[in-house]
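Consider the two complexes below, in which chain A is the common component and chain B and chain C are the respective partners.
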Partner chain A sequence: MIEVKNLTKKYGRRRVLENVSFTAEKGQITCLIGINGVGKTTTLKAIMGLTPYKSGTILIDDEPLTKTSYEKITFIPDAAIMPPSMTIRDAFEFMKDFYGSWNSARAEELLAFFKLKEEFRIAELSKGNIAKINLLMGLAIDVDYLLMDEPFSGIDIFSREQIADVFTSHLIEDRGVIITTHEINDIEHLIDKVILLDNGSVLKEFYTEEMRSEHGKSVIDVMREVYRA
Partner chain B sequence: MEITFNNRDPVYLQVVRYFKEQIAIGNLTAGQEISSRRELAGLLKINPNTAQKAYKEMEEQGLITTERNFPSRITTDEKILNSVREELILEAVSSFIASVRPINVPLEELIKMVSEKYSQPEE
Partner chain C sequence: MNRFIKLLNFEINRFSKIYAALLAIIIVLQFIGVIVESNSYVQGADRMMMENRWTQEELIKNNGKAGFTLIMDSFWFAGPIAIAAAALIFYIFLIWYREWYGKNTFIYRLLMLPVSRYSIYFAKASAIFLMVLGLVGIQILLLPLENELFEAIVPADFRDVLAVKDLIHSNIITSTLIPATFTQFVLHYLAGLMAVFTLFTAILMERSYRLKGILLGIVYCAAVLAFFISPLIIPAVLDMGDFFYPVEFLVLEIILGLIASACSIVIGQKLLNKKVSV
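What follows is the complex of A and B.
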């Protein structure tokens, strides 16, 4: 489990995160939603130790971020990770050298799943295909937790569907996944848990199926209530 | 295999309902082997934990049986299978009644209309 407790961060005098607390379980997909402003990406970066924060605690399987716990997590940003001149094959070779836990068979499987070819150059990939390659890179490293920044944003509908298909397939295994998004349309059925952020604070944290069972509300219904209040 | 899910009812119950419909129609028959939870999540494009919950619910209702290390199967208990058909029909009739009741149609007229419509081929 990833536990974020009272995370507070400032950029100069501006408060970016204020007392942010939530948990994300292994084997579940947790979705950080924020319709505007900063907070989502900063939270992911703080979990990865990529940005300093003023106060708060972040625990991964009950441990603070250390060299060992760092190996349990990958972060997938929303831009191309690899240099544009590389082919996908080059990128795989690079990853293999860089990560001891790189799983070549998994990488090949995902490449076939996405119907992409090794000889494609990163520079030539569409935004949708970049998103697929990023997801592939993240899943081909054997880790317990996957943090993904906006995997569904700004890409064509078919790429969205293909990426969504990965989330419902065996390829995701029982990883704990945290994704950020500002739109929830057509991924409501994929996610276990929702954290609604606004202006750096958590407004609500809930399980989607519980919300449907107990209150008959969709994620969008709850977003309407919370953000329009 | 496709279901159009609504976002306000629990997805696992919508999945259970889908299985009940398939049983009532006869697409799923007594003792038939069904997809694994993983396969179902992929087929219906739903969260694997939700698929798991749907199977658990169906096991509790006696609709499917699972023996350790074997694929789940539709029950062979005829009593349960028949009750599924009855349950779905009753539900459909209740919702039909709920939607026509406010219009205050005399029952005889309604029955006449239903039987005429029912015998017409589907458009």
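What follows is the complex of A and C.
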């Protein structure tokens, strides 16, 4: 389980996150939702040790983040993160060199699924293909937790469908996923838990199934209710 | 293979094309320089003998003999070394900034590797150090070859013969790169390493505190420089003359260099682990 307790972060004098607390469990998809600039990406980066924070505690399976944590948790930003001069094959070799848990068979399987070729150069990939390669590399490390920042942002409908298909496949089922997205329609049916953020604070936290069965509301209904208020 | 070695290998590979180009520039320009300067000397000598109706002995008596130092003092020799040095200094910045800027943000992957961030830091520093040593090594190999070419162009009667070792010590650039004694070597390269670590720390200060970090980095670099050269400055300011014996000065500089390097490494690590932001 990923536990975020009282996470507070400031950029200069501006408070970006204020006592943000939530948990994300293995086998569940947790969605961080909020309008631009509410601190979704910053929260993910703080969990991954990619940005410092003022106070709070972040635990991954009851342990603070260390270098070995990167074998079981990974972050998939919405930008290319391998050098542009590399081919996909080079990127795979690089990952294999550094991650003991790199699963070559899974990488090959996903490459075929996404209809990409090893000889493609990272610099030449479209935004959609960058998102696929990022997802592929995250899943091929065999991590327990995947943190995904806007995986559907700026990509075509077919790429979105392919990525959404991965969420319903065996590749995701036992993993804990924290995702930020504006394209809630694409994955609403896949989400288990929602954290609504506003002005750097958690406004509301709920399980989608409970919300549907007990209150008859979709995630979008709750968003409208909360943000319009 | 050890992950540090893999990172180092990765860093060297990323710079290999530019590095190969730098080596090519040094080799080509220096050899062109030997040919151009040697021929120019021979033609000049012929012209002077013709115009002044001098004999060979009279020319040598009036102008002296030509040595390979003639080449070493020319732009053709110093220019490529200056270009390579400038490229490597630029690369000290590029080796970090390219991870954040440009089309792809590789720093995400780099910081998420299951390796100590010390390894990332030292792989970058070691890559630069090895590249410097590589360039120096190439220069050591080139000197005797260039000297041979010079001797093939300039007739024996017109030239001074100097051993490669003496040639190295006759020129300020080569004697700095290839010092005469082991202690000088330690001092020069320790100062070089200290400079790399200091600049790395300044860069990481900027990456951690952005605008404030630039100021912090400049102040830090100035403080390290003042600290390192304090055994020179303090006796001069206090009018103490040559206060330290050369051996004392050397030991003091080594100690100060090690302290400054250790401080830069510790601060750099702290920043890389706790403060840098992607």
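By our rule, the second predicted complex is superposed on the first by the 223 of 229 C-alpha atoms of A that agree within 3 Å, B and C clash if a C-alpha of one lies under 4 Å from a C-alpha of the other, contacts with A are read in each partner's own complex, and residues count from 1 in each chain.
The definition used in the following text is that contacts are C-beta pairs under 8 Å (C-beta built on N, C-alpha and C of every residue); 3 or more make two chains touch, one makes a residue touch a chain.
Just so it is clear, the model here is predicted, and its values are computed rather than measured.
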Practice item. Mind checking the superposed model to see whether chain B and chain C fit together on chain A or clash? Key: fit
Exercise for review: Check whether A:T68 is in contact with chain B, with chain C, with both or with neither, and answer first, second, both or neither.
Suggested key: second
Exercise for review: Once the structures are superposed on A, label A:F94 by its partner contacts, choosing first (chain B), second (chain C), both or neither.
Suggested key: second
Review point. So, A:M48: does it touch chain B (first), chain C (second), both, or neither?
Key: second
Practice item. Mind computing the angle chain B to chain A to chain C from the CA centres, in steps of 10 degrees? Key: 160
Check your understanding: Between chain B (first) and chain C (second), which does A:H170 come into contact with in this model arrangement: first, second, both, or neither?
Key -> first
Review point. In whole Å, what is the nearest CA distance you get between chain B and chain C after the fit?
Key: 28
Check your understanding: Which positions of chain A touch chain C when the two form their complex?
Key -> 45, 48-52, 67-71, 74-75, 77, 79-85, 94, 97-100, 122-123
Review point. Which of the residues in chain C end up touching chain A in this complex?
Key: 1, 3, 6, 10, 14, 102-106, 108-109, 111-117, 208, 274-278
Study note, to complete from the structure: The answer for chain B against chain A in the complex is residues 5, 7-13, 38, 41-42, 44-50, 53
Revision key, fill the gap. Given the complex, residues on chain A that touch chain B span 27-29, 164-165, 167-170, 172, 188-192, 209, 212-213, 216-221
